[in-house]
Structures are given as C-alpha cells and as structure tokens.
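Chain nomenclature is as follows: A, B, C, D and E, assigned in order of appearance, with residue numbering initiated at 1 for each chain independently.
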Amino acid sequence: MGILQVQDVNKSFGGLKALHNVNLDVEEGAVHAIIGPNGAGKSTLLNCFVGRLKPDTGSVMFNGTSLLGIAPHEINQAGVARVFQTPEIFGDLSLIENVMIPTFAKRDGAYTVNAWGRIDQAAEIREKAEHILEDVGLAEKQEMHANSLSRGDKRRLELAMCLVQEPKLLLLDEPTAGMSRADTNNTIDLLKRIGERGITKIVIEHDMHVVFSLASKISVLAQGTVIAEGAPEEIKGDPRVQEAYLGGAHL
Amino acid sequence: MDTFALQLLNGLDKGGAYALIALGLTLIFGTLGVVNFAHGALFMLGAFCAVTVQKILTISVKVKDESITFFEAYKEVPYLETWFGETGSVIIDYSVPISILVAIPVMLLIGLVMERGLIQRFYKRTHAEQILVTFGLAIVLQELVKANFGANPIPTPAPEAVAGSANIGEWLGLGSTVVYPWWRLIYLAFAGVVIAAVFSFLQFTTFGMVVRAGMQDRETVGLLGIDIQRRFSIVFGLAAVVAGLAGVMYTPILPPDYHMGMDFLVLSFVVVVVGGMGSLGGAVAAGFLLGILQSFASMNEVKSILPGIDQIIIYLVAVVILLVRPRGLLGRKGVMES
Amino acid sequence: MTETPALQSNGPQGNAPQASAAPERNKGPAFFSCWDIHGYYGESYIVQGVSFDIREGEIVALLGRNGAGKTSTLRTIARMSDPQLTHGEIWLDHKPLHEMSDFQASQFGVGLVPEDRRIIPGLTVEENLQLAQIAEPKGWSIERLYEHFPRLAERRKQEGVTLSGGEQQMLAVARALARDVKLLLLDEPYEGLAPVIVQEIERILEEIKGLGLTTIIVEQNAIAALHLADRAIILDMGQVAFDGIAQEVLDNAELRQEYLAI
Amino acid sequence: RNVFAQDFRNNPGDGGTVTFGFNVPQTGAYADEGADELRAYQLAVKHINGEGDGGLLNTMQPLSLKGDGVLGKKVVYVTGDTQTKSDAARASAKRMIEKDGVIMYSGGSSSGVAIAQQSLAQEMGIVFMNGLTHSNDTTGKDKRRYGFRHFFNAYMSGAALGPVLEAEMGKERRAYHLTADYTWGWTQEESIKNTTEGLGWQTANAVKTPLGAGDFSQYITPVLNSGADVLILNHYGKDMINSLTQAVQFGLRDKQVNGKDFQIVVPLYSRLMAQGAGANIKGIFGTTNWNWSLQDAGSQAFVKSFGQEYGFPPSQAAHTCYVQTLLYANACQMAGTFYPPEVIKALEGFEFDGMGNGKTLYRAEDHQCFKDVLVVKGNENPSSQFDLLEVVQEVPRSQVEYDAGLFGGELGPYEV
Amino acid sequence: MTNKITLRSDNMMMGLFALAILTMPIWLMPIGASYPDLMQKFAIFGIFAIGFNILFGLTGYLSFGHAAFLGVGSYTAVWSFKLLSMNVVPAVIFAVIVAGAFSFLIGFISLRRSGIYFSILTLAFAQMSYNLAYSVLTPITNGETGLQLAKSDPRVIDGLFVEAGAGIPSTNFFGIAMSGYSGFYFCAVLLIIGFYISLRITRSPFGMMLKAIKSNQNRMSYTGLNTRPYALTAFVISGMYAGLAGALLAVTDPLAGAERMQWTASGEVVLMTILGGVGTLLGPMLGAVIIKYFENIFSAFNETLLNNIFSFLPEGLQEVVVSVVGLFVGEGWHLTLGILFMIIVIYLPGGLVEGAQRVRDYVGRKRHKKTSEAHQPQIAE
C-alpha cells in the first residue's frame, strides 16, 4: 500500500483526453519520477492531486483519505506540497517572508489570527526559515524581493517554501528547468538530502540526468496513458519509451 | 398592456443610453486595463460640446430693455436669425445634431491628448494610482467647465421637428395610448448604430485582437513589431469619442451641467463589470438588462409590493449577477481579477 | 545614415572587459555588434558593459551561470524597456538599434524568443501566430509553420496558454519565424522540453542555421548549444568573461569548470 | 444696559468688529445659488456698515440700525462651503464658530442642510438665520430656539396656489404627483395635496422618485394613461429641471385628458430652475418667496442696489439671505446686546415692513415669517434674459397663515 | 527594504506619532487648523483611513463601500444616545460591534469575488444602504435630515441617574462634555490606540498573511492557508475601524446623515489612502489630514480675505494675484484638490510616504548601496 494511490483517473478538456485511466501507486519514501513527452498530461495529473483540477472520474487516495473535492489548503495541511512549473511565489514579499509564511502555516494550521505577536520576534520560525534558505543557497538574498530573483533562484525559493513545511509528499514539476548545470547539481544534492528525511517525492522532469540520479521508480506517461512503469534501468531500455520520449538522446 | 409596452420602451431606451455610456468605459477599462474615473468627465465634455455649439450659434445682437434701469437687461436676437431669417432659426434649432459633427473631432483630440499626456504613463502603474490620477483629472475638468458655464443645468433642446412624441402604438396597432418621444427613439437608434460600428471595427478587423493582446502582454506584442502604444492611443481616442457622442445625444433629455459625469460614473462602472471585464458584448447586454429591470422595478404595481425597490434594483441585480456568474455576464477569466 | 560600424567608435576603454578583445573584432565591419552596453532594472545595475560582434550568418552561444545577465543582455538588444539601456551602442546591419524602440527593432529584423515563452493569454494558437504577421515584414507563412510544427496545427484553435510547456515553446519559436528576422535571439529554447522535442527543435535550429540566419542562443544545456554554435560568449556578473570559438570552450575544461560548472 | 454682561459664546467683547458667518453651497449642484446668496450677504454687510447706497436700510420699518455697523461695531464676515451636505455644512459652521468666532451664521439651499445647521446652532448657542429652506420641518417639527426662517414653506406654497389653481383649472381635476423621495418632498406633497383635495380635486396617484434619478421616463410614462389631467412635480433643483423637461418631451403639455388641457404644476420655483428648464417652463404655475419684478419700494430698493453692484437682478435666495442678515443686525441693535437670548427675544414677534412681501411678522412660536406669497408662472414671452417668471398673484399673508402648533416640534431653551 | 524594522524603531515611531497627535493644537496653529472641529475630523478620518488600509493596503482588496460601515456606526451611536445614555462609551462600543457585524455580512458575500468584481459588490451594497437610508428606512435614519437627538428621547440609563435639563443634553465621557478640545483628545487617544493596533497587525504573522493574500492567493492556498477567512477578518477589522470613526463623528457632533454612506464618501477614504500611500502605516493618516484640510480651510478663503493676505503687494499686482489665487480657493478648492491628486500621483508614485522615502533614498543612495547590494559589484558611476 503506497502513500498515494491513484486509480482510473480520467480528465478531458473539451474533446481532448488529457488523462486516460491513469493508475499510480507511490510508495512511502520513494522518489517517483513521471516522465513523458510534452503535453502527455503530467502537470494535469499533479493538478488533480492538489485540488487545482478535479478529475472527471477516478480516485486519488493519500494516506487512506481521498484528496478529491477538498480545497487546496486542506490538501496541503494533510501534508502535500507542490513546486509549480512556473514558479508561484509571493513576488512582492522578501525571501525570508516567503519562507516564513509556510512555516507559520505548518505550525498554526489553515487559519489563525495571530495579530499581536511580532514577526521579527518569532525567533524559532525565523531560524527555521533562515536555515532552509541556507540549504537552498539563498541565504544572502533573504531580504530581497522575490520578484527580482532570476528564474532559477525563484524555483529554488519555491522549493524552500515547500521543504520548510516538511511535507509527507512533495510534488515537483520540473524543479531544475532553467537551472544552470551547477545549480542543477546542487538541487539534486539537496533533494537527495531531504530524501533522508523520509519525504516521499513525485518528480516531473525532462532532464534525464536529474531523473536518473534521483528516481527510485519511473512512470512514463504518453498521451494521457501510462505506457510504462518500473525501475530506472528497465525504463531506459524500454523501446516504447525510447520511441515516444527519449528519441536518440544519450543518457 | 400599454404601461407594460411603455416600460419596455423605457427600458430599451435607458439600456441604450447605459450601453453607450459604458461602451467607452469598457474599451478603456476592460481593454486597456486603466481604471478611468475620468470617463464620466468625457461624457460631460461631450455634452458641453453641444452647449458650446449652441452658444456659438446663438451669439446675439443685444437690444437693451429700456424699462430696466438698475442693470443691463437685453432682448437677444441671434445673428444667425438676423442674417438668414428662417434658415438661421432652423440652424439654431438643429444645434444638437450639428454638435455631433463637432464633437467627433473635438473628443478624438481630447482623448488623444489625454492619453498621450497622462494616461500613457499609467498603464504599468497600480489601479489605485490610476484611480487617483483620473479622479484628479475628472475634478479638474469639471471645475474648468463649472468656471466657464456655471453650475446650473443648461437647456439644450432637441430640434423642433422631433421635440414631440411619436405615436408608436398606432404604427404597431396597439392603439393610440403608446406614445414615445421622438428624441428618445432617435437616441436608441443612434446607440444601436454606434455600438454596431464599434463592434465591427473591433471584431472584423485585427485591431481588436492586437489591442487585447497588447493589454495582456505589451512587451511581447512590441517584440512582434507592433507599435502598441499607437493603438492604445487610438482606442482611447475612440472611447472618448463614443463617450462624447453619448453625452451630446443625451443633452435634450437631461440638460447638461458640470457634474453630470460624476452622476453617471458609478452606473457605468456597474454596467461594465456586470457585463464582464473586457467584453463589449457584455457591457451592451448588461446595459439593456439593467435598463429594462430598472424600468419595471419603477412600476407602481411593483413598488407597492417592494417599497424602494426602484432605488436599489441596479445594485441588487449587480450583486445577484456577480454572485451567480463570477465574471459577469460575458467576462473572460483573469481580466482585472487581482 | 551613418555607416559607421560600431567597433570603430572609440569610447573610454576603462570599463571594457579584458576578455572581450577577441580576434574577430578586426575582421572588418560586423553585421551585428554591441559596444559597451550598460543596462539597469530601475536601480539595479545588471548589464555592466557588454561588447561583442557577430558576422552575418554566424551562430553564437551566449552562456553563463544563473543570473549572469544573459536574458538581460538579449532584452537589451531587443530594445525592451527593461532593462534600460543607459550607455552604449548596438548596431545591426549598419543601423543603430540603440536608437530604436522595441517594435522598431522588431520591424528592422530582431526576433526574440523570450525565456518564459510569453504566449499571449486569451488568444488561440493561430491568433498568436497571426499577431506576429500584423506588422511588416512577414516571414514564414502560417501554412509553412504548421508543416514544420504539426502539433501546433492540431491545436490551432486551442488557447495558447493552455498548451503544455513543450507545445508553448514550439509556438514561441514558430512565432519568431513568422516574422522576417535578420537576427534571431533564442532564450533557452530547450527548457522544459522532452528529449524527443529537444531533438526536433535542434533539427529546426540546424535548418535555420542552414538558411544562414544570424542567431544568438542562450542555453543552460551548454554542450548542446556549443555543438550548434560557431562561437561562444560567456557572461559573468554582467560582463563578458570569454569570447571565442565554440570548440575552444568544449576543449577547455578549466574554462568550462569555472564559468559553466561542466 | 450692562446687566447683560454675561459671558456667552463668541462674545465680541470690546473688539471693534463683530463677525458673521455665511455658509453657502459653493460646490455641487447649488453652487450658482450659493454664489448669489454670497453676493447678497456681502451687500448686506456693506449696507449695515454704512457703505453703498444703504439698500433696504432706506425702506425698512421699524429700523434701529444706524448705518454704522451693529452696536457701534463694524461687521466683518467669513465664508464657508456647505457642499449641500449636512456634514460638510456643520463642519464649516463649526469652523466659523470655533476658529473665526462668528456671532451669527446664515445660509441655505437645502432643507436637510438647513435643519442640520439649525440644530447645531442650538447646541453651540449661536444664532442661525436660515437662507433658502422650504420644508415645513424647519420651523415645524425640527424648529429650534436659535434658528429663524424668513423664507416661506411648503404649507404656504400649497395654501397660496389653491385659489389660483382653482381659477385657472377648475374644481374637477385629477392630479398625479411625482415626489422627490426625501423629507422636503414629502412635506411638499402633503401640503399641496391637502390644498388640491380641498378644492375637490382627485389624486390619481402619488409616486416617490429617487433623489437625483436623472432620467424620469419610467415615472412619467405611467402618467400618460392614468386618467390624470394635472401633473404636480414635487421636485427641486436638478430633479425638477429634468423631470419637467422630460415630461414636456413626453408630450404631456399637448395632451387633452377628460376634455381638458393637461397641466403641469411646480409648487416651488426658483430662477435657476427656470433657467435650467428653458422654454419648458412657459405657462407653468408655481410659487416663489419673492421676485425682482415686484414694484414695492423695498423690492425696488434692493433690486437697485444689487443690480448696480453686480449687473443683474437678485434671486429669491439672495433676497431672503439679505433680509435675514439685516433682521439679525437690527435685532441686536434693538436688544442693545449680542447676548443671544436677548437677540432672540428681539426677533421673536418682530413685525416689520418695507422689505418686499408687504407687512411681515416673525412669529414667536415657531420663528417662521409670515408675509405675502407670490404665485408665478413661466413667462410666455420674456422681454429680457432675466424676465423668466411672471407674477400671477400676490397672495395675502392672511391666506397662508396657519396654527403654530400644526407641525409640532419644540423650540428649546433660550440659554444653552 | 533598507531600514531594518525592529521593536525599538516601532516603539520610537509610536511615541513620535502619539506626541505629534497630542500636540496638534500647538503645531497646527500657524496653518490655521488648530480649532477643535477640524482636529477632531483629522483624528476621526485618520482612524477611518488607517482601518481601511488594513484591508486595502495589506490584502489588496479595494472596497468601494466602506462608508456604509461609517454610516452604520454613526446611526448606532446616535441611537445609543437616544435610547440609552449620552455617555459615549456605550455608543462607541455598540457602534463598533454593529459595524463589525454588518461588515461581516457584506464581507462574507463580497469576498466570494476578487479584483474589480469585489469592488463593485461592496459598492453595490453600500449604495443600497445609502439609498434605503435616504428614503425607505427613514423611520430609523430620519432620511435626508439625518438622525438627531430630541429632548423627548427616552435615554433610559441617564433617566435613572440624572434629572433631564431644559434642552437636549450633550454627549459626555463620564461627565466630560465631548465637544471642543475634550472631544478632540478623546478622538486623539482612540486614534493613537487605533494606530498602535494597526502597527501591531502589520508587524504580526497575521499581517504577513494578509500581505501574502495580496501577493499571490494561489500560492497561499497551496501553502495550506485558507485565504477567505483571513481576508474576511481583515474586512471586519477595517469595518470596525470605520464603525469607530462613524461613532466618533456622532460623539463630537450627534447627528447622523445618510450622505455619509454615499459612494463619494467611500471614494474619499480610498483617495485618502492612495494619496498618503497604500500599505504604509502613516500614509492614510496623512492623506486624511490633507483632504480634510483642503475641504475646511481652502474652501473658506474669500476675496476679502485674499485681499488682506496680499495687501502688502502694490495695488495693481494685488488685484491680479488675488484673482488668480481666487480660482484655486473658496469655490475653487476642488480644482486645487484635483490638481494636487494629479501632481502627487505623477511625481510621487506610491503616495506621499513612499514618495518621501524615495526622495530620502535618492539623497542617501550611495550610503545605502554598499549594504543592500552586497551580491552585486559596486555601481560604476
């Protein structure tokens, strides 16, 4: 029994069948990669996990409870965090605030009016936030506005915002897209390090270097259907995957 | 039956007026994304085009009234009448239609100057700042008009030939009890024509698409070689003309005063938003819907059941529509939602 | 108009980065050149005196770490309002780009495929392409584009922003080709694309190379970019740190390690 | 007379001047009216101080003023903008009282605003002389010891119109009322309805219209086929201009109903309204407090000095404001002190003449002036740009008087 | 973000603010604004704007209907004077509670939408309140005339303790009459408290959540925070501030009119906030002072006064100057206000406070540069 179980999920946009009977079983502590051609439905699938989209049919069970029909913030409170393909951050707040907000959310729940305490005196929260910023290498920029970060940095910030919540399940939609090789390597290291904390991860990535460095299991999605699933080595050799996705890419 | 028919006519007529006034606003607000609190002022300036034309046409020979000794009192005979006699009177009589021809270039110019001189700098600023600057501008324009024309409404009658009522009932075989003022019928038709013209300009040419695109993402449209700034200016000028024409045409119904723009401002925002941001069709639909509902809510039969309903119907309908349809009647997702 | 090629103008040498005195500079009037350009985002000084030349038909890879200023440099060349060009000259085909605004530069032949693709919300795929053909001069016809990007043909009535990432990238490249460009600026064209698509885009870029189109390509996947390019320029902290033959970078491990971490 | 050396608010003491406050609408719909009122106030101050031709000081009887200011002190004044809003008017009045130390303030143009200022007067212990306010409430249920009204009211309009309407339109009529939906409109409707029903007219309907409706078409069309043959517009200012203009456009005036010509009546007229409605007012009946074409000596004197000063005739609003200022100054002179309770007592029951409108009484019980009321109609053939209203009849004071207890209310104490 | 915010700097600001407010009667003297009514208005509209800023400045939700809460506060307070007691304490408390409840209702519905749709919803509710208060609800509001005290009001609590006097009693704070300077100090103390609360909210985690709503609601919900109740809380808090302001209007001057609820009144507080600086602490207060100053002082200039002021000029020049200046004061004060709005927003984006900061930063730029942009090399020139 995995921590996340997806059964027979279907989703159509108008005439387009974006997801077709998708089944997925993510094991606790695993790094589960989802790869597949552009437009295969990977991001759509993640959207169904976090409440942005509601599948037409099928079920999504997380830790034994259904994620369907509940609000995004409840899903997050249940322990699911997500890094988006285009960074979703608090653009006009400073980096440190960006990270403190999820920390408070983790500590205080979905709604708490704490109008009398001072942020600058919430030492414990602050420390935690600073610590995580250091982890992702943004410590120096903590007072900058998030909007003026370069894109790679924005993505790292978003990752920090998710990590600070110590989620049970972390969904990463192309976490290294647009990152330089050096930063990609840093991110891989970082993700490996959190792996040690026992966070389950679902990673969507086109960079095969990242996928094969991290994943313990890979599902391949093409045209809304899972066409292959298995350990990295199996997938690498699968001819259908070769044809639909990898092409002649050297890995 | 005839009260019903008449209220329907009232509703259509009001709707036409609301739609016409809101049309210019939705162009600027829904298309360029500028919250233009000076839109009412443009409407008012249009109306004062008519006043000015009338003033010019009736420049008069003044014959002193000798019976009054404490101050100068005159009997006034317009030069046009002394020079051209009957023809002169007719020209004066037609001052409102003539004003339309004058208002088009004048309002276009005003719109362009306003956009180039001021609004242009505010596309990238926050809505709050747009509100402050356009509200300031509206006050300034209003005060300038007040300084020149006073605060009191100025009568600007419709031509004699269309001053009375048309017997619509007779045409339609509803009996002679359904009569309706000619000028209001003309207003309705005029609104229809202007709305159709604006629609076809924006729908059947690529202009509309480019402007919509430009509003979403100026930078990228610029990268594609399009001088979006020029097109924005044109849209603004167009909106000013439409607002101005609405103002000119309204003068025989509502003698204009310097404050009339503010009186219509809130209403036009409500119409635009109920119609849905960025949707011309929505603004027109909302204009007619609100006009008709307002007319029916004012019927004595309705008021006796729900006292005061005619005072709040527009806002009530706005609330209901916005709660049922999140983006108004025909609004698009994501436009002005944050 | 002034026919003075940029490289002949003499300015203060103080700020010129040491590595920019590349040998190519002396090979006669360049097709494209930027000379000592400085750009600011408001108060932040980002492009700090970048100079380089490109010959007609050349493909240049512009490389560097995150935040090195690659995107900012491309945006400056495309004459976008941000970052603001405060100093320096940009010449394309003997015309001063630095005196133009964004749409004029585009009409003169600068085509930028922006890094976040910038598909316009509210427009369909086809309208996004049509938009590129409103202003003269037009490039490839929409039919021809569809032939090269059959996926776009399938999705032509869909709203552009609901395309998947890869599809959007294709649309962005197609949109640039829909205009008649003299200088093509590609900002991370492979980002977020599946390997098969990367290969497809690579093919298209090879094809473009075949057409002799002058191109600057910014890419994190440096190896791929260097294989495609004739020359490489490496930016660091908003300045040119290296300017030379592409192969040189591939061969020079030290250089790669220092600036590209590969 | 030093028994009155009590301390009171804004006592001018030994200073050489005494300050009046003139609080008029300078912005908003009534700005033009406010400007005219201000002119009249300035003229009144001039005359009190013995400058100019003396104006009504020449005709007023009995007169205690000597043309050397009030009680030997020169009058100076401050001005303020009411914006025709109660809050703004009270703020402005408070400024005059607290900052400028006025001994009296005056102004008007809307009943709600006047009543708000009048109750402030009572709280602050400063006399307020109402300008243009026509609601019965001002000297009825909202009357105050410190407030005085020279202007007539809705009841008097109705009472004055009655006989004229009867003479012009007969006893068999059906009236349809459109009424501005606020307190002034209601008292106006009530008063005129009492009158017309007293004549034997039927009331077809009485419909409330929102203030500032702009377009009244939805209220006018039901009139067309209601069987009514008279439309009574209980509207003021812009509302009246719009509703009248539109009613005429709907062809009401060309209509024949029940074999009679359809008629429109506007109970309260002002010059600005007549100007705004243009040709539409021709032949339409209504009432005013005063008109510059009156031929009595007082009116002539006022029109003369106002006309020579400003180049055009004064409005009724200007007249009432001018007279109020003089009356207050005269009362101080009579009382020999600025101490408000004494000034109030001097004004209460004061009877005077020579200020237009014939013999006039400031009734002690409700601080309402009683005097002749003018029934006017829009001039069919004006001889000049100012000749908009034609006086049909000067209805004698006796006909418009009523019992002081009719509208309730309580004046309150002299000392506050 | 160059100056670090600390508890100490905040306490310092708080102290200076309180000092400035309490000494207003002294330093406002030279500009002719030191009389009680105007200072009361400064304090009251300061409270209104500061509260409004908690909603608009922090969450970015632009309400165009806050005047409704002000009006409700006033009506409640006057009714409390009429029915219970002339003591201001129950009036203020009830007003805040009722305004809070009313804003909860309206906020609950309006917050289902965002952006301009939200603005129009609040506008619609406020306009409905206004129109009904003006006409149909006259028994409660006394319509156009406004709700006033009458001698015959029951005042049950007062009736137990004191004998009714001859006239209408005045509002009091346990015997201290609430007119004149004592009224001002009462408002001033509440303003200082209101400012302090707003400061605490801004610096608190709750305030940070509100800013997050403004910045990115999507991210907020994917972060596990429920945006709606946060926004609603801010809405109710600002509604309560408005109710307090409304109550104070009635405390210092016991009359409540419907026009207080009109859209222009809602617009006024929006303008105050923007003028001073949206989202800044001091800005809204500053904006309120400026607009009220113009309304009360600039409108009061007349020709005679101007002639006195410019009497030092030679005859001809004096006339010219007076006629030119006359355009902008007295009946022309709106014109000046309009021009002021435009100038400020064109030349000081972000309002007065941010504008001032910009000017200060510009002056001290070199000094700040070194510390704030450590990751970037020094700027070239």
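Please note the rule applied: a residue touches a chain if its C-beta (ideal position, glycine included) is under 8 Å from a C-beta of that chain, and two chains touch if they have at least 3 such contacts.
In UniProt terms, the chains line up like this: A, C = ABC transporter ATP-binding protein; B, E = Branched-chain amino acid ABC transporter permease.
All values derive from a computational prediction rather than experimental measurement.
Hopping across touching chains, the smallest step count from chain B to chain C is 1. Taking each chain's centre as the mean of its CA atoms, D is the chain most distant from chain A.
Note: the chain lying farthest from chain C is D, by mean C-alpha position.
The centroid of the Cα atoms in chain A and the matching centroid in chain E are 45 Å apart. With centres set at the average Cα position, the gap from chain A to chain D is 75 Å.
Taking each chain's centre as the mean of its C-alpha atoms, chain C lies 52 Å from chain E. Multi-chain contact residues of chain D, defined as those touching 2 or more other chains: 31, 181, 208, 210.
Looking at chain E, one finds that residues 131, 134-135, 334 touch two or more other chains. Residues of chain A in contact with at least two other chains: none.
Here chain E touches chain A in the complex through residues 1, 5-7, 200-201, 203-209, 211-212, 214-216, 218-227, 229-230, 233, 372, 374-375, going by the rule given at the top. Contact residues of chain B toward chain E in the complex are 35, 118, 121, 125-129, 131-133, 135-140, 142-144, 147, 262, 266, 269-270, 273-274, 277, 307-308, 311-312, 315-316, 318-319, 322-323, 326-328, 336-338. Within the complex formed with chain B, the residues of chain C that make contact are 78, 80-81, 101-103, 106-107, 111-112, 114, 118, 120-123, 127, 130-132, 134-136, 175, 179. On the chain E side of its complex with chain B, the touching residues are 56, 60, 62, 109, 112-117, 120-121, 123-125, 127-128, 131-132, 134-136, 217, 263-264, 267, 270-271, 273-275, 278, 327, 332, 334-335, 337-342, 344-346, 349-350. Listed in rising order, the residues of chain E touching chain D in the complex are 32, 35-38, 41, 131, 134-135, 138, 142-146, 148, 151, 166-168, 170, 179-180, 249, 253, 255, 257, 259-260, 295-297, 299-300, 302, 304-305, 330-331, 333-334.
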